[in-house]
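Next, two complexes with subunit A in common: one pairs it with subunit B, the other with subunit C.
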Partner chain A sequence: MGWFSTTPFLNVPNSTQVTYRKSSWWKLNQQRLTPWIFLFPGLLLFLVYVIWPIFNSLYISLLQWDGLSPAIYVGLSNYIELLDDEYFYISLMNNLKWLILFMLAVPIGLGLAIFLNQTIFGIRLIKSLFFFPFVISQVVIGIIFSWFYNPRGVIGPFLDKLGLSNYAILADENFATYGIIFAGIYPQIAYCMILYLTGLNNLNTDQIEAGRMDGAKGFSLFKNIILPQLKPATFLAIVVTVIGSLRSFDMVAIMTQGGPYGSTNVLAYYMFETALSEYGYRMGYGSAIAAVLFTIMMFYILFFIYRMYQSEKKGL
Partner chain B sequence: MKKIIATLTAILSMGFSSSFAGTLVINTDLTDPAPKAAFEWAFNKFQEENPDVTIEVNNFDHEGYKQAIRNFLTTSPPDVFNWYAGNRMLPFVRAGLVEDVSDIWSDTGWVDGNLTEGMSHAKKPMTIGGKQWGIPYTYYQWGVYYRKDIFEANGISVPTTWDEFVAACATLKAAGVTPITIGSKYLWTTAGVFDYLNLRTNGYEFHMALTKGEIPYTDPRVHAVFDKWDELVKPGYFLENHASLAWQEAIPPMINGEAAMYVMGNFSVALFKEGGLTNDNLGFFQFPEITPGIPMAEEAPTDTMHIASGAKNKTDAKRFLIFLSRADVQEEMNKTLGQLPVNSGSKVDPDPFLEAGLNMLNNAYAMAQFYDRDAPAEMASEGMKGFQEYMVNPDRRDKILERLEKVRQRVYK
Partner chain C sequence: MFPIPIQKRPLINRISYKILVPVSLFIWLIPLIGIMLTSIRGLGDITAGNYWGIPSEFLLFSNIKDVFQNTPMLSYIINSFKITIPTVIGAVAISCMTGFALASYKFKANLFIFFTFIAGNFVPFQILMIPVRDLTFQMGLYDTVTGLVLFHVAFQTGFCTLFMRNFIKALPNELFEAARIDGTSEFNIFLKIVVPLTRPAIAALSVLIFTFIWNDFFWATVLIQGQHAMPITAGLKSLNGQWVTVYHLLSAGSIIAAVPPVIMFFLMQKHFIAGLTLGASKG
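So, the complex of A and B:
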């Protein structure tokens, strides 16, 4: 709250206050206005790049528009059509699968972090190697995993031994989504791991010592002493994982393009496909999908903000 | 990175260009080596012949171009741009973004052009609402590419009828060879098979009526096409796992001798040859006859050049289009492209695949552009998804066709 330090100056009698009324108004209201002036550029950008596009796409979702010809107002018919669109339900279900399975990244990340939280020679190098998947671009991971999954690729011989010769998971409508999620979770685990590693570094050793003295060992020590101290890291890990699963666009685009026949579509990719891809000329329909995705995200974000607000009230 | 810089410079230059008289702004997506070389030659040649014109080229990345075209045509139109024939240009024509060039197609010709002579057979795909909207400069044939040596080893001769074709597939399958390879990850390869089955079963007029939305997908004649398709899908004559493979990834099985045929466009020959096949073991044949007596129409997707309706230099733009339609220009360009010139006055290189294609197309009853260019974009994307699903699950045919019918009723209303 830096601007309060200017307060003494305001009490100094000032002759200009009388001569220039405008300047005096400024002096009187400086404290109230300064934060807004500083906020103005940010608010303007937020308005132009976030708020306006949201309302604009909500408006477009009421139109039938190919992006070139004049738009026709069609009311809610895009939403009504959405209710009868099986690809939409497939995408919604896939989003749910992503959300649930992606959560596995949190405990796996925690496990890896605990495993790596040791002080032996070269552990820094090993830690950075484990963090590597998060550094690689998602696109590269997608491409590499589709090579893995190719029955002529690396895992081909192993599948042969399992009696699954020539099995291509990305061509199987029932399992392709799981194949993509598995690829997507790989960098996410590394991300959660690094969050927990930082958390483990900041553990209060006194508490652990005290716990040990009271006879806590093994799992009970972990559950009652360590895990509560990792709460901020857990919270952050869950937040980034949920966000990561909801914007699961890139993996789908790289690995299957929503195929085979739409069975791996997620809402974000389906929106892109209908509105913006090579064959997508349905801005209105795409916007309607975006509106649904927005509503889902909004629920989550509101919950998140509520939680933050609650914990700040408690004085965190 | 190079591509990004090229696109950026292209976007930047779009704003400042085309203000001078005699400057011709051309937007293209010719980033692949062969098209790039062909057009560089054409640009230089045009400049040589028209020293008063300065050509300015904005080269876009091939995939990015498909989105960029919607932006640049509405915001800062170039003079000339390349695109595709058939329904692919319809949204732009309907939105009034493409210049009517019927005058350069007319009998009297415009300036020094006389297109009707060598190009009349290609007029139809360029026509919407009785007017012409651009000129075609290259096309290529579709058909069946096959391993001559595998056919010989199994005592199969080139099939010309459907029965012979199915029998050949059965023989190959029995010999442990996948009869037909295909990679359907990007969907469009399935449309090549559908188009040919429909063209051969019901004929060109029916195929065009279907892609124009005049016939329900639940029509018994459409079912007849899928009956024929069943004869290939149900015994497993197509490559396994095709839904996970791009079209290029379906080529190695044929190079290794694990598969024998590929229903494909002529652009695949370059890849086959890179993989080690030669004119001795790689062959081409026309897709066989199904319903006897139906005139044989072919797939020949055509690449085209158009003038933007917002062009600043329409005079030179038309000169360029006329230049591009000339027999000598198309001949030289297509030598580099490795494709077929549209102008019938042009000659082709002595290449067995080009000669076979030219021969087939010159005798073709009519030419289809390809499912995703003949049908509107929304129908095409749903249709091809349906074809892929059918090829994996032939039992779902009725459900798929009902869904396509629902899409048809929405798209063409």
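So, the complex of A and C:
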């Protein structure tokens, strides 16, 4: 960026010069000031609505507060209470189930992408239709699956044949969470598939041909030549899947609202329930749950940022 | 090309592939097909348990009419548009500016600000929920479309900035330099060079943000209470409670809710996928 180093630098002019040299002062400094002018609206909104609330929430987590009456500072007692909260552990365990099972979306998406990476008549439309579930709102997906699982719904006739008449997975506290995860993973697979289709589209053909010349075939070709080239797609697929699994709010809210007996709660939903629902307006306690969720997420965020920082340094 | 093109395979493979693809597509879409079938059925079929057979009556239009007549569906849809469109315009416009600032100027805080935008974009919503709701209350914007739009614009700025910055960074820098040598001001460089060149990125971002915001449920729940401002996602949820057994109407409602993002996706497919897969093909 040669233009930058040649930009003359001027000290702040004294007041008598300001009016006289206003336009030339601007000319000389516009390189330095323009980025800040362009950043101003976005940065302001982001600071007010995203950055400040994070710190504010961390502070609220130290309070006992119902949102109306004056807040009382209680130190870490919200966190201490969490340690004894059965529902907190259920939520945490469910988050873990979500995370682990959601990871299946990555290999399944890869498999689908490989399956569909052909050029036959109508394949473009077919790929789009496979991608469909991702475009639709999670609310709709949740409604579809609730109705799907309903023993008096579509699955009913099949359940009867299996001798499971009237079995409602969403009412079974041992399996309800898996029912929701299954619904949640459906659009996620579509997302991973599209990431891998793009990756497969941009493979280096020479390397593959060279590999084939050397006799690499089937799985060894895939493992040694294809998979390394798909690394950026895999990275992105993992990042979006982890984040998707921790943002499981919509599905739980639509399908079970945390029930039966709190067995399908996840941190995202439990936090909402404690802070804003009929179970009471416990802002401080809710914030403490949010802080735990935030800390978990922060590991991934920092990992992602670190990766981006490395590639930025390379790029410069 | 990987895998080996099916055309180079034996005939039997080609035939079985051509059979397998539609079959797997059908299996994949069973949940969606199921809801479409339900939406054309009448109450009679539903109570009789006829979910997969041939519908005894074709009632799609009357079901849709029913939904519009007996529920506030129409106002939910209008609200969704009132929330989505200003958010798209606001977030895209703002991030063109932030993206340009971060892509083409060198200053000390540059990377730090960039990474702040990225990190903020991944934060769980719950850590923002209480302060944002409070702030919206204090501004007198709770339960209004404006309050929801302001938050959406602010939050989407994170993702949009990441997107625009990377796009503008990939533009040839010589263009800007040449313009500067000609004496073009920085603002005109932005307006006359950057904005026209980023049109594909603007298109991609617009469809993506449209879909994200249209499908938002969490913030609609947190910042909206009444029907007058409620978007379709939250509206469907409230209908879900009322209509436990009336699945044919709920299905029709769900299909109505899904139509705008689906149309958007098909019209702008190339841009949509380009936006979503940003970074999937290069490290």
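One rule holds in what follows: the second predicted complex is superposed on the first by the 261 of 316 C-alpha atoms of A that agree within 3 Å, B and C clash if a C-alpha of one lies under 4 Å from a C-alpha of the other, contacts with A are read in each partner's own complex, and residues count from 1 in each chain.
The rule is simple: contacts are C-beta pairs under 8 Å (C-beta built on N, C-alpha and C of every residue); 3 or more make two chains touch, one makes a residue touch a chain.
Predicted model only: the values in this text are computed from it and were never measured.
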item: Subunit B versus subunit C as contact partner of A:Tyr79, first or second or both or neither; value: neither
item: Subunit B versus subunit C as contact partner of A:Tyr261, first or second or both or neither; value: first
item: Which superposed partner A:Pro151 touches (first subunit B, second subunit C, both, neither); value: first
item: Partner chain in contact with A:Leu276 - subunit B first, subunit C second, else both or neither; value: both
item: Which partner reaches more residues of subunit A (counting touched residues only), subunit B or subunit C; value: C
item: Which of subunit B and subunit C A:Phe115 touches, first, second, both or neither; value: second
item: Touched partner set for A:Phe182, first subunit B, second subunit C, both or neither; value: neither
item: First, second, both or neither for A:Leu39, with subunit B first and subunit C second; value: second
item: Which of subunit B and subunit C A:Leu170 touches, first, second, both or neither; value: first
item: Shared subunit A contacts, counted only where both subunit B and subunit C touch the same residue; value: 67, 146, 150, 152, 276
item: Parts of subunit B lying in touch with subunit A, wherever the complex brings them together; value: 66-67, 70, 73-74, 91-92, 94-95, 97, 184-187, 240-245, 249, 252, 372, 377-378, 380-381, 385-386, 388-389, 392, 403, 410
item: Subunit A residues touching subunit B - in the complex, by the definition given at the top; value: 66-69, 81, 86, 146, 149-152, 166-171, 173, 256-257, 259-262, 273, 276-282
item: Subunit A residues within the subunit C interface of the complex; value: 1-4, 30-32, 34-36, 38-39, 41-43, 45-46, 48-54, 56-58, 60, 67, 114-120, 123, 126, 128-133, 135-141, 143-148, 150, 152-154, 156-157, 186, 191, 194-196, 198-203, 205, 208, 221-222, 226, 231-233, 236-237, 243, 246-247, 249-250, 253-254, 267-268, 271-272, 275-276, 283, 286-287, 289-291, 293-294, 297, 300-302, 304-305, 308-309, 311-312
item: Complex interface listing, subunit C residues touching subunit A; value: 1-3, 5-7, 17-18, 21-22, 24-25, 28-29, 31-32, 34-35, 38, 49, 51-52, 94-95, 97-98, 100-102, 105-107, 110-111, 113, 115-120, 122-135, 150-151, 153-155, 157-158, 161, 173, 176-177, 180, 185-187, 190, 211, 214-215, 217-218, 221-222, 233, 236-237, 240, 245, 247, 250-251, 254, 257-258, 261-262, 264-266, 269, 273, 276-277, 279-283
